[in-house]
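Here it is, the structure, as structure tokens.
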Amino acid sequence: MSSLTYDQAQTIVAEALRHGASAGYKPLTVAVLDTGGHLVALGRADGSGFLRPDVAIAKAHGVIGLMMDSRAIAQRASDSPEFFTSVAALAGGKVFSVPGGVFITDADGEVIGAAGASGDASTADEEAVVAGIEAAGLVARTGA
Amino acid sequence: MSSLTYDQAQTIVAEALRHGASAGYKPLTVAVLDTGGHLVALGRADGSGFLRPDVAIAKAHGVIGLMMDSRAIAQRASDSPEFFTSVAALAGGKVFSVPGGVFITDADGEVIGAAGASGDASTADEEAVVAGIEAAGLVARTGA
Amino acid sequence: MSSLTYDQAQTIVAEALRHGASAGYKPLTVAVLDTGGHLVALGRADGSGFLRPDVAIAKAHGVIGLMMDSRAIAQRASDSPEFFTSVAALAGGKVFSVPGGVFITDADGEVIGAAGASGDASTADEEAVVAGIEAAGLVARTGA
Amino acid sequence: MSSLTYDQAQTIVAEALRHGASAGYKPLTVAVLDTGGHLVALGRADGSGFLRPDVAIAKAHGVIGLMMDSRAIAQRASDSPEFFTSVAALAGGKVFSVPGGVFITDADGEVIGAAGASGDASTADEEAVVAGIEAAGLVARTGA
């Protein structure tokens, strides 16, 4: 199994923020986590609110912690809202049901981490993260 | 970038409470936070319940932490209740979707803090905070 | 039993901060709590660190929560460090063994609240709080 | 008052990690916080343990939250261990008494944030952070 490097993580952060800025999105925060759910790199653009790092981390954390992409989490939350409420409480809020948390996989489809973004609409957040992951030469998996 | 002073914060508290009393509102608590979400001044009127400081702080904290006014937070909570559930858990409850948390901006429209009130109906809480901010010579932004 | 009013609490905050500034102390934060340990008023001078509100609140909270003045708490902490460690953990840190948390009593010696300060040396913090309480026409009790 | 930009924060992280690597230090994690104590940028070098982000953040958080450099915190902790115990509990552990948390100031000496590192000996952590801050054209203040 290959593992996510610091250089890859910083490229994802830098390129996701660049994508968000050039697309005219509100200022984003982007976080990259390893398979243990721990931070490797984070960047908060000027003007992005101070709760955004926690939200960006949480989006990636829920995806990798449940090993479910955000569409699958949303489906589960829709089928069973109480399941989602309990998981969110257990995880201290570190799981989200909206887009913006994305699996990072290597060329073989092996999951090597997850990235999350927050700041604009969920689909814009997700699009920026996907752009960052691809700019780092890796493969993004969103469930979309 | 200008920053919120202690004197401005105390004027906001004093004038918001004065406004609430003269309007016949229930006893309010008013909190003023800096851009980092930290208390600069707080006042709890006689008869205002002891949970009111936490609520007043939380209303201001959510607004400044997400860089979204309370109407935008309410819209997002309505579109995606699970988003709101997760953010509230992440923030330890320090985010509200009802009026009463208000941006404080300087003459150039730059955000220099946020104020929150709790004690009466949300719109009354908000009205008192706006009056306090204006009495301090600053500009209130509610999203209304 | 008389109870602490909002006006008295705001006078304590304003006068304690004024005392600290005129004595040349580092920027202080001053908090006033009722007998339930809940905030009535708080002020943080320009330049006072953002952890200071929590420390000022905690100093007053420990005094009123244990109904022991700060010298008695310090004596107990010295006699039994494990007691202090457990109490501090139980209270989430909201008890201190250093000066700066002061009982507020009425003319009959009845406790009506507590005030705390943080920002300079503990004895300076305490001196400012005592000055604020006396300026409000109330009686300070420190155990000194 | 100037404020810390995202670009400055990313330069501090990148250059502090580069300094640590070229000095042969163990893999570091470096965090940069704004004046509100919130993350602006973070990087964890390959091989740096997953608790290192929390430690790096905490070192910077305590310095900026108390507005005391790490030597002053260490002195206070030595004079009054119970003070430190209570502050650490209040701050959820987000304060350290060892080197590695450093003020970031602008050319006028105004504090605009703090940076922290963790991974090697405290003095090595600190040296790397100072190198990063200086590489960003800013001024580091350690109290040493």
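In this document, chain identifiers A, B, C and D correspond to the written order of the chains, with residue numbering beginning at 1 in each.
One rule holds for everything that comes next: a contact is a pair of C-beta atoms (placed from the backbone, for glycine too) under 8 Å apart; a residue touches a chain by one contact, two chains touch by 3 or more.
Since we're looking at a predicted model, the values are computed, not measured.
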| item | value |
| --- | --- |
| Those chains which touch subunit D and also touch subunit A | B |
| Copies subunit A and subunit B touch via same or different residues, half shared test | different |
| Whole-Å gap separating subunit A and subunit B, where each centre is the average of the chain's CA atoms | 30 |
| For subunit A paired with subunit C, centre-to-centre distance based on mean C-alpha positions, whole Å | 44 |
| Subunit B-subunit C separation of Cα centroids, rounded to whole Å | 26 |
| Residues of subunit B touching at least two other chains | 34, 36-38 |
| Chain pairs in mutual contact under the definition given at the outset | A-B, A-D, B-C, B-D, C-D |
| Of subunit D, residues touching subunit C in the complex | 36-37, 62, 64-68, 80, 82-83, 85-91, 95 |
| Complex contacts: residues of subunit A adjacent to subunit B | 26-27, 47-52, 54-55, 58, 74, 77, 81, 84-85, 88-89, 92-98, 122 |
| Subunit D residues within the subunit B interface of the complex | 1-3, 34-38 |
| Contacting residues of subunit D [partner subunit A, same complex] | 5-6, 9-10, 14, 17, 34, 36, 38-46, 50, 53 |
